[in-house]
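Both complexes shown next keep chain A, but they swap its partner, so chain B is in the first and chain C is in the second.
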Partner chain A sequence: MGRLAKYWAFMRMGYLTYLAYRFQVLMNFVSYLLIIALNYFLWKAVYSGHREIAGFTMEQMMTYVVIGWSARTFFANRIDRMIGDAVRDGSIAMDLLKPTNFQLYHYFRAFGRAVFMFLFMTLPIIVVASLIFPVSLPSGKLGPYLFPLSVILSFFLHAGISYLTGLVAFFTRNNEGVLRFKQLLVEVFSGVMIPITFFPDWVQNALFWLPFKYIAYAPLRIYLGMEPLSKVHQGVLLQIMWIVIIYLAGQVLWHYAIRRLEIQGG
Partner chain B sequence: MPSADWRYRAGDNQKKGHAIKRLIFYINLLRAYLSNSIKSRLAYREDFLSGFVAGLMMQLIGVLFVFSLFVRVPHLMGWHREEIFFIFGFSQVSLGLFFTFFSNLLELSDKYIIEGNFDRILLRPLDSFFQLVTERIYWEESSTIIVGLSMMSYALSRLGLALGPAEYLSLAGLVLSACAIYLAIFTILVSLTFWFNDRGSVVSVMLMLEGFSRYPVTIYNRTVRLVLTFIIPYAFTAFFPSMLILGRESYRLYVWLTPAVAAVSLMAALAVWRAGTRAYQSTGS
Partner chain C sequence: MPIIEAANLAKHFRTFRRRSGLWGSFKDLVNRKYETVRAVDGVSFAIEPGEMVGYIGANGAGKSTTIKMLTGILVPTSGRVAVRGLVPHRQRYQHVKQIGVVFGQRTQLWWDIAVIEALRLLQRIYEVPKADFEARLKKFEEVLGLGDLLNIPVRKLSLGQRMRCDLAASLLHNPPVLFLDEPTIGLDIAVKASVRDFIREINREYGTTVILTTHDLSDIERLCRRVIMIDRGRLIYDGELKSLKEQAVGARRLVVDFVLPVDRAGLQRALEGCPVELEGGGPFRWEISFRRGQANAPEIIGLLMSRLEVRDLELEEPRIEEVVREVYRRERAG
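Our next item is the complex of A and B:
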């Protein structure tokens, strides 16, 4: 019970931090609508003269774009940057004093932010965007039920990837390149920008062995009802598998990272 | 005391307004600032490299997106894949120039107004806009220029277009005009922080909107096209000037309107900036 209360407090902290930035959140909301609008026009032009491209019809693609970018507001996190900043300015010393699992502390703090984003970004964007652009409801038997679960799993999967990336700050001061490289991998290969069926076959085969496509592509396929039942279960199980693998990798890497830490000043 | 003498001359020049003398003075100053900036950047080579690689990664996101999109779809409403790459590259070159030489503008609200550094700038007998811009050059942002140039030259070679010296020269002029348009748009935006306390999130919205300039404006609906042409002239930062090379007859006029749009918007921007500095009230301490 005490343990749970601790992580509940971290979540609340992550949530409350963002209440202070209402104007930024509003502007962020506008930015996301602009991205969705640009994608709408682009895909509409792309589909002029095509019924189906890379396995997606135009209707499916429009829904993919709106739901994909909206879901991104929920599963995005700043864990990698927060760890980097804390190592650089030394405030990591305070984090280490907390009698808690550093990795779970970051997961739950970020989850508090995600809850905030869900209420004030994801939902409003879906509502406003579906008034402007053609968006269909989740289809298939399981879409409506398993999609929310799958996106929550996406959050923890992405949180794990960010955590691993964040730990790089313990090994090098100049971690900006690494952070951006992770961002590149996630943006491109999660499928949030473009379904991975657009990539050449060898890229798609390689992505089967990597966690990225389970962040956005897999949940969106569930939403669109494009997967048979067995594949849906398999996708969710693979998400869980990757969450566990990355969590354990984070524990191992932490063990080495903490020995490298030197706090300057004091 | 050389510094006192120097300061006297700067103030003198501004008062008397010998335009040419003042220009030469600022050019010399710019040379000194640039060489200083290069030296200080070379002192932290690792930071530069890290920033450069980071910028390259961000660029690659966009590039990988259009490449994987157009592998499947070689045409976009009458535009050939390579033509789109050219427009995309053009927008990145002009945007990259803006980021490299004028990024410091975007720091106005946080680093200058809120932290109070703007007072320091106003105390010096030099033009405040010039000082703000030259105080830091972001050499690492040249990654954007390099990616843009690569895309343009790839597109040109795939299209089988060989350009003559006159075309290269015009292209360079158009790129500079496009960069000036970015400069004008963002100068007006950041100037608003002299009146409104905003911390620059409007700028991020404008950077998002910049994404619209990477594609032919014909893919948008009428309203968006009108906005991009007449209100926030992003269409002039890549699409219209690219028509010089991609040669669609109907856009001939717009190509040569680009420098004019740049000049007018830059003058408007400097006027807004001046009004802003007059309205500026220090945060105090």
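Our next item is the complex of A and C:
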């Protein structure tokens, strides 16, 4: 019993909710395969005549694409959209009536969804995609162990960023604009679309100070065994650091957000 | 000692007033005009443990906003509020554990999962011991007739079914205070009755303090001895329902359909000696209003039936807007 059971319950709810939308999940499954195929042909064209670009061989790049997009199904979340919708339609009132930490409630509810996604999206996509495209197994000594841990950390990091984006709705009523902007930042700078090494140096330097690349790029480097051991540890520690910083920022922002809440009428 | 206290409680919203037209929208970008809406404006009351209080007022009077402050959802602009010694918005975590809340227009369950799953989640969220949970669930199942509903996803329930499930959900942790915001809105008469019976039984058995907002006076009549009335954010009545009704609910209305056209003079002649007001209508349908104490329905109906040919008639219960108007009129007069 106690608090742990409570957050376990949120996970369960997140999981059960998605069980109700199996068809939607199937459609997502198909679109992810299409994106991976598209990337495959794109990179094939880019790599023609090159053995290595920006430190990635063609084989590494394909593995990067398949594992990256599959992992995305796991660490993606809808927290920002859910908070935005709840503020707009006033159902936020019902969330506030539950004796819980609002932030952890969202983290764990989304984690339940992530577990569902892992079973019904991530794994099937990896299986199907590796039958079609050349994908290599995790490399290095630590790849197989630290990669899963790192992706779970990616989830909580991304959850934190979404949570902050969601809270914007308390101030602006509508967080659609910020939500789109955040989505763009994450897509581009997490490294899901292209590895960070493809960017100019000054962008790479700037990204060192931002949390985004620890969502996808860092774990994928671990998977590919492209980092020395010391760097792997550093990457995981930086993930944890960012999770803590963003969690605390969420707690502080919440304090101000709740004061701004206006629910008029029913 | 009161279980719920509000002192000079106020909530002001600042709303952005949009100007019309294209030019107006440009002006809005540069220079926004705000205006303050005083949704609740200095309300004070105290409620004792075990009371069932009706919190009434017309639409937009500030009922829901008050409830949202008492439940800790909204932070008051000024004033004090305490429920069992806790300040709702400051001690939200401890506070929400001691209250149950039902909003007629919303659900605390989750749309996509079955009712029983939602209730089990609430059990964990409120940390209710398993034995207590089972016992309460069994009781609610019986009294509210939840049996067949438990395995249906919430989104597939009808309004009445959902409301019964929401009531059960709000009481799983046996809260000493229950807030009901429009619990019977949109329900048919049979469900309304079972919801009211249930609330009365909970109050009697567990001594639960109940605050009920509604704009259906019949809810209040069945459940509450005391009413607090609010209008435009201000408290305008706090006392016994009986005396409010006797004194304030003066005007009742009788709507009559006649077989043959009747003009005003004809109707006045028929009701000679009976102090009534004819409120428009005619020639086939007339609305006749009268005050309690000056005239009564059987007398008027008797006169009409004996002198004119009546096709149909209906006695309307006073609407809350009329009661509010009546309270105002009395305040000005006295």
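Criterion: the second predicted complex is superposed on the first by the 264 of 266 C-alpha atoms of A that agree within 3 Å, B and C clash if a C-alpha of one lies under 4 Å from a C-alpha of the other, contacts with A are read in each partner's own complex, and residues count from 1 in each chain.
To be clear about the criterion, a contact is a pair of C-beta atoms (placed from the backbone, for glycine too) under 8 Å apart; a residue touches a chain by one contact, two chains touch by 3 or more.
Predicted, not measured: the structure shown is a model, and the values here were computed from it.
J.: Since both structures carry chain A, what do chain B and chain C do when superposed there: clash or fit?
T.: By the criteria stated at the top, chain C and chain B fit after superposition, with no clash.
J.: If we overlay the two complexes on their shared chain A, which of chain B and chain C does A:Leu229 touch? Say first, second, both or neither.
T.: Neither: A:Leu229 stays clear of chain B and chain C.
J.: In the superposed arrangement, which partner chain does A:Met241 touch: chain B (first), chain C (second), both, or neither?
T.: Neither partner.
J.: Examine A:Leu210 and indicate which partner it touches, taking first as chain B and second as chain C; both and neither are also allowed.
T.: After superposing on A, A:Leu210 lies clear of both chain B and chain C.
J.: Taking the superposition as given, does A:Ser91 touch the first partner, chain B, the second, chain C, both, or neither?
T.: The second partner, chain C, only.
J.: Applying the document's definition of touch, where does A:Thr100 land relative to chain B and chain C: first, second, both, or neither?
T.: A:Thr100 contacts chain C only, not chain B.
J.: In the combined three-chain arrangement, what's the angle at chain A toward chain B and chain C (CA centres, steps of 10°)?
T.: 80
J.: Tell me, in angstrom, the smallest C-alpha to C-alpha distance between chain B and chain C in the overlaid model?
T.: 6
J.: State which residues of chain A lie in both footprints, the one left by chain B and the one left by chain C.
T.: Touching chain B and chain C on chain A: no residues.
J.: Going by the contact rule at the top, pick out the chain A residues touching chain B in the complex.
T.: Residues 23-24, 27-28, 30-31, 34-35, 37-38, 41-42, 44-46, 48-50, 53-54, 174-177, 179-181, 183-184, 187-188, 193-194, 198-200 of chain A touch chain B in their complex.
J.: Using the touch definition from the top, list the residues of chain C that touch chain A in their complex.
T.: Chain C reaches chain A through residues 13, 37, 39, 60, 64-65, 68, 71-75, 89, 92-94, 96-97, 99, 101, 103-108, 110, 112-113, 117, 120-121, 124-127, 129, 153, 182.
J.: For the complex, give me every residue of chain B touching chain A.
T.: Going by the criterion above, the answer is residues 46-47, 49-51, 53-55, 57-58, 60-61, 64-65, 68-69, 71-73, 75-77, 198-199, 201-202, 204-205, 208-209, 211-212, 215, 219-221, 224.
J.: Would you mind writing out the residues of chain A in touch with chain C in their complex?
T.: 1-2, 5-6, 8-10, 12-13, 16-17, 20-21, 90-91, 93-94, 96-100, 258-259, 261-266
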